[in-house]
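In the two complexes below, chain A is the common chain; its partner is chain B in one and chain C in the other.
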Partner chain A sequence: MQQYLYLIPALPLLGFLVLSMAGKHLSRNLIAGVGAGSICASALIALLISAGFLQSPPETGAYTQVLWHWFATSNLSANISLRMDALSLVFICIITFIGALIHIYSVAFMREDRDYARFFASMNLFVCAMLTLVMADNLVLMYLGWEGVGLCSYLLIGFWYETPNNYRAANKAFVITRIGDTAMIIGLFLLFKELGTLYIPDILAKASQQFGSGSDTITLIALLLLSGGIGKSAQLPLQTWLPDAMAGPSPVSALIHAATMVTAGVYLIARMHTLFELSPIAMQVTAIIGAATLFIAGCSAMVQTDIKRILAYSTISQIGYMFLALGVGAWSAAIFHFFTHAFFKALLFLAAGAVIETLHHEHDIFKMGGLRKKMPVIFYTFTIGAAALAALPLVTAGFFSKDQILWYAWSANGGHPVLWTLALMGAFITAFYSTRLILVVFWGEMKTTPGHLPGKAMTIPLVILAFFSVAVGWIEWPHNILHVSLFSELVQQALPATTLKSGLPPEIVFQFIAVVVSLLGIYTGYVLYYGQSELLMRWKQSEGLMNVRHFLYKGWKFDQLYDMLLVRPFLFITGINKSDVSDKLYTAIANANLYLNRIFSVSQNGSLRWYVTGVLIGILFIITLQLLL
Partner chain B sequence: MSTLHAHTVLIVAAILFVLGLAGVLTRKNIIFMLLSIEIMLNAAGLAFVAAGSRWQQPDGQVMYLFILAMAAAEVSVALALVLQIQHQHKTLDVEELRELKD
Partner chain C sequence: MILIWMICILLAGGILSWIAARRSPLLAKWIALLTVTADLLITCWLFSFYQAFPDKTSWYINHQANWIPALGISFHVAMDGFSHVLLLLTFFLGILAVLCSWKEIKEKTGFYFFNLLWTLAGISGVFIAMDMILFYFCWEIMLIPMYFLIILWGDARRRYAGYKFFIFTQVGSLLMLLSILALYFVHGDQTGKYTFDYFSLLHTAMDATVAKWIMLGFLIAFAIKLPVVPFHNWLPDAHGEAPTAGSLVLAGLLLKTGAYGIIRFVLPLFPESAVAIAPVMILFGVAGIIYGALLAFSQTDLKRLIAYTSVSHMGFVLVGIFSFNNIAMQGVVMQILTHGLSTGALFVMAGMLKERLHTRDIDRMGGMWTSMPAMGGIAILFTMASAGLPVLGNFIAEFFVLLGAFANYPTFSIIATLGLILSAIYSLRMLQKVFMGQQHFTEPVKDISARELVIMAALSISIVILGLFPQPVIDTVQHLSTIHPLLHE
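And then the complex of A and B:
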């Protein structure tokens, strides 16, 4: 099977080419067949190859396939070549499998849309670019995929480009991620300058010989790469684009802005783990950014009213957990959280899309309500997704991955009680807003009458995702409960194992605290949002609390801050320089010439005698000069 | 034949030249302006001849022959132009002919 590796990204590319060139002439069924079929075929091949990989892991630790030489200059050569090791395998499976489910869902979801072919073309291109990103064996090809997913994200956020807000959101996402990308490419240049290669296995092998642990160069490179990850994964200083990116269709939010693209930063850091391990400062920065982001975004998610914005902030917060795990050196825990998060967050977005569609494009959760009886399938799947998000103990996948991260946030080598506390508060907040979401949307009175209910093509992917949102957790149990750790065994073929501090309290204490905290979060949500809560009413009267709520609602006012710090000064400077100061000198020369021209052209009056007089005066002048000098 | 002093002749030439110049500047009719130019040319020719006799050189008289030939050519071209001007503008007044102004 190994020789068919190239088909995994090639099939979506083929789908993109067919749909973008001939999309206008194809029938809707054919478009759906090509668009979803290419991804499904790709997923099937990926699963078969992965099965082979799991059965008999290759001795080198990776399947490789060199397709062709891209370019080669004196000492830089880049190939179009694919590499699949344990880390890529996890990402490839998630991208193709969840991608396929989302494509099937989209076939029904986008059925009425005018630009059916354009939608599937962009989605296919996205899958191809994302696969290129995770399968590349050198950083140049990886950067191609990196920019490719950015482009597709831009195209799909602005998919309904006729509404001004949508293309503004697309521009915002593109520009903000560009900041991170610029830092990242500078990091790549530095890496090439220092090591003379961009071939990933070489980099990982050479880095520890070339750089001393904690040297300035490696810290700089790691921080620059981290900036790239921060931009793409919407972490702390650059997180403002993701909530606005919800302007795109729901399947896009599920695929790009929850399951795959936004975790590219996690992949990058995990892929470059040797560089980060050499730089303790970069690791600490990663952990702190992750912890701060998960808390800040979680707080914002508590007070949002738009269902998709709640999920968007929750995505930022969950990726914060992954960064925290990466930062403390819990590599496999981060990848495991990515793995479970992809299932339940895609599920939540798709279910939210179905709710929004049924309620005639209503996004406000307080105008929903009472949908439990009307849409049972959506209700059950959504609840499973939310339970996984809230990390309901033992029965959901989210519990297993988040529990690991919480444990390592204290106990791993880079762990710290402060990080653990923030993560724990994040867990409480997550459980709280998940409960709020479920209770407000599905309980209470019905405020909007549902329209046409979603069909089978939309519900079956939801059911499959719901099944996996529960089941994938069981492949990796905490050590003290059950000795099943299939996932970390796989991932540790590519990533180092987590080292623990010594002299720790027993793990069970932490697990107990984590369980109590998330149950407490669920209970708080239940008290406040089940039926009419007097406490909530009293809070709404208080002006101070409403101000806090508004502050959180606006995402800690980061947009306003950037507007004040960057956008306004920039506009001010451009306003001043509107008339182009440096151009003034040249305009002055031109104006002086025009002025002289106007004066002298008076002398050309057509009178012959006047000319003769002029000549005479000239001659007299010259003769006088001759005589005098 | 009494010999004339060169400067006497040059004074006559200067008077002739100024007369011609005054004619060019004051006359309105193109034909009279042409006549004035001829007078100026002759003043120049007289100055050459006087200089040639002063230094006993033939060059002065050679130059006069050149001026004569040039004047004949100039007049023939100018008269053709005058005919055309009269034909097209029905006037020979230079104050009326101002089409070349800016």
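And then the complex of A and C:
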């Protein structure tokens, strides 16, 4: 099976090539067949290969396949070659499986769109690039996938390119992630300078010999790589692009801006875990960024009114949990949260897309309402997704993964009570806004009449995702409850196990607190948003609270800050120098010559008297000179 | 001999095409096309020489004929891998230049193709001349027909642009001529053998001060051509006003003669002085990357915008050459090739847009993707190439340059890397202004024709191949590490 590894990214690439070259000559059914079919086939192969991997793990810990030799000069060389170990296996399965479901959903969702082929071409290219990212065995190839997903994200955010808001959002996403990418590539340069290789297994092997724990160089490298992750994964302070990225079609948000691409940062850090482990500072920074992001984005999610922006902020916040887990050294917990989050967040976005579509492109949740009876399938699946997001105990996948992170935020070696407190507050906030979302959209009175209801092609993927949003949690139970840890056993083939501090209170205490807090969040949401809440009315009167609300609504005004600090100065500088100030120098030289030309040309006037006078003056001048000297 | 034939074919083709145009302009076009294609085929065939040559590191074709023996001037042409890839680029872009002039040029067709072919002849001469006087001669041959191309077939401000181009490059040429003569006499005085031959002049022992001044003459000439900020001012005007093929040849080939000159002459002839001046040149290079990018962002004239991106990209060439690192040097060669293709493609595209919309002002464009989906897709490919996206050749070039430069000059390399952010910003702005938003034009605009598709497809395929399979190029120019002692450490 191993020899078919290349097919996993190659089939989506083939789909892209067919659709982009011949898209306009194909019928809609054929486009859908190529677009969704390529991903489904790729998912099938990925599952088969994964099954083989799980049954008999390879001795080296990874399947590898060298496709061709890319370049080699001096000591720098790289191959186009694929590698699948336990970590990339998880990512490959999520990308292809959820990707396939989202493609099937899109077949119906995008049916009426003018640029059907362009949509599937971009989506296929995205899947190919994302797979390259996680299957690369060297950092240059990983960077190729890394930039590739950035391009596809740009193309798909700006898919409806005629509206200024959309292309602005696309530009913003590309440029902000580029800032992170640039830091990352500088990290690559430094890594190469120090270790002389960009082949990932070599880096991991050499790093611990080359660098002492906590040396400045390794900290710098880890922080630069982290910056790359921050940009792609929309973490503080580069998070501002993701809420705007919701301008793209909903399937795009589900696939790229929830399930896969935005978790590339998590993958990068997990992949380079040895480097991070060598630098306690970088680990701490990762954890702090994660904790701060999950709190800040969670706060913003509480007050948004656009259904997709709520989910976007929630995504930022959930990835914050993953960063927190990585930072405290809970590697498998981070990957497990990625795993569960991919299911329920993709589900939420697809369901939200169905709601938006049914309500004639209405995004404002306060103009929805009462949809419970009208669209039961969407309602139930959406609720399951929201429950998983809110970490409803024992019955949802989100609970199992988030509970682990909360526990490790205190108890793991890098853990700290402050991190735990922030994560706990985040858990409350998450439960609160999930409840708010469900109640406002599906309860109450109906404010917009639903149009045409979504068909089977859209609802079946939702049901499948809803099933997994519940079921995947059961493969990894807390140790004190049940001894099932299939997921961490798998991931720990590639990642180190989490080490705990000593002298901790029993785990059950933490679990209890976490459960109470999420239930409390749900209850608060219920009190405030079920029917008319007087408390909420009173809050709306208070100017101070409304200012806070506005501040949170605007995403803590990061956009305004960057606008003032970066965008305006940039526009100012480029604006004043539009006509290239250095040109003035050469114009001045030219003008000086013209001026001299004008002065001297006076003497050349064709009049004989002038010339004779000139000659005489010259003779007199020379004679005087002779006499004087 | 074959090398001389290649130039002669172009020169003869130019004259023939001029004569034929009196009878039929179409015939002139075909003659031009066949001439350049013949040269491209010959260059490809020459790869068998390369393959047969046991030692792939040096000159596998070397031909010397007497010219003016009394003064030590000979007709010496030679080719190594570096010249070879540059010749390939020359004839490849040459064919595209002929093709993209097919419809655009309606007046004085014969004289136009004469100038185009003679420019190409001059350029290919520059890449193979191994006698300093012959080199200088070719250097001038490529200049004058190019001047005519701008001034006769250019846009509204063509005179201004033509003069500016001519004066800037001519100032550089004269300094270079002085340096060539100085080198000739210094070498002659020492050895008693007065010669302009490149291989004899190598390893001329010189006093450091003398070497510095002679080197500066060469360096300034090449710096103006490259162009290095602050000598870049001729470029936006010339690129902006020249006809499409003119811009293509300027950006794709003429600028590269500057890079070629530095690598071929400045580094081997003045190894110590080049090392001494390296930090300054890297500073100029980094300044060019940033300054060009900032200016590109603010332009509203599409062709001027692309011209400033060239200024920015050529900064990488300078950084790569003067960081004296073998990886960076391979990156420079890749940058020379890929920038020629990607920027050439952007200029061709600007020409196509101008043919349809009769404007170069991007504020008046917008929404073109709707009526030109194919062109939009290709535009994304090449703007992304310009922004250094992997898979495309430009990434390999910039990655090599920056990675290599990082070893010796980390700070400068980091600043240069910030240019990647700026290149994303200006590329996206260009793409957005032209292709996104609402369409302003009410009359229908045609998507690309079959002839245009051939041009763009050739460029697209080449840039992707260079991005995914760069190794043949790297192997062909591997021997560049021998041109300077610091490179093969």
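Note that in this section the second predicted complex is superposed on the first by the 586 of 629 C-alpha atoms of A that agree within 3 Å, B and C clash if a C-alpha of one lies under 4 Å from a C-alpha of the other, contacts with A are read in each partner's own complex, and residues count from 1 in each chain.
Here, a residue touches a chain if its C-beta (ideal position, glycine included) is under 8 Å from a C-beta of that chain, and two chains touch if they have at least 3 such contacts.
Keep in mind the model is a prediction, meaning the values are calculated, not measured.
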item: First, second, both or neither for A:Leu628, with chain B first and chain C second; value: neither
item: First, second, both or neither for A:Ser601, with chain B first and chain C second; value: first
item: Which of chain B and chain C A:Ser20 touches, first, second, both or neither; value: second
item: Chain A residues touched by each partner, larger count belonging to chain B or chain C; value: C
item: Touch list for chain B against partner chain A, complex; value: 21, 24-25, 33, 94-95, 97-102
item: List of chain A residues in touch with chain C within their complex; value: 20, 24, 68-74, 76, 80, 115, 118, 140, 143-144, 147-148, 151, 154-155, 158, 161-162, 164, 167, 170-171, 174-175, 178-179, 181-182, 185-186, 188-190, 192-193, 570, 573-575, 577-578, 580, 582-583, 585-586
item: Partner chain A, residues of chain C touching it in the complex; value: 164, 229-230, 232-233, 236, 294-295, 297-299, 326-327, 330, 367, 369-370, 373, 377, 380, 384, 389-391, 395-396, 399-400, 402-403, 406-407, 410, 413-414, 417-418, 420-421, 424-425, 428-429, 432, 435-438, 468-471, 474, 478
item: Parts of chain A lying in touch with chain B, wherever the complex brings them together; value: 601-602, 604-609, 612-613, 616
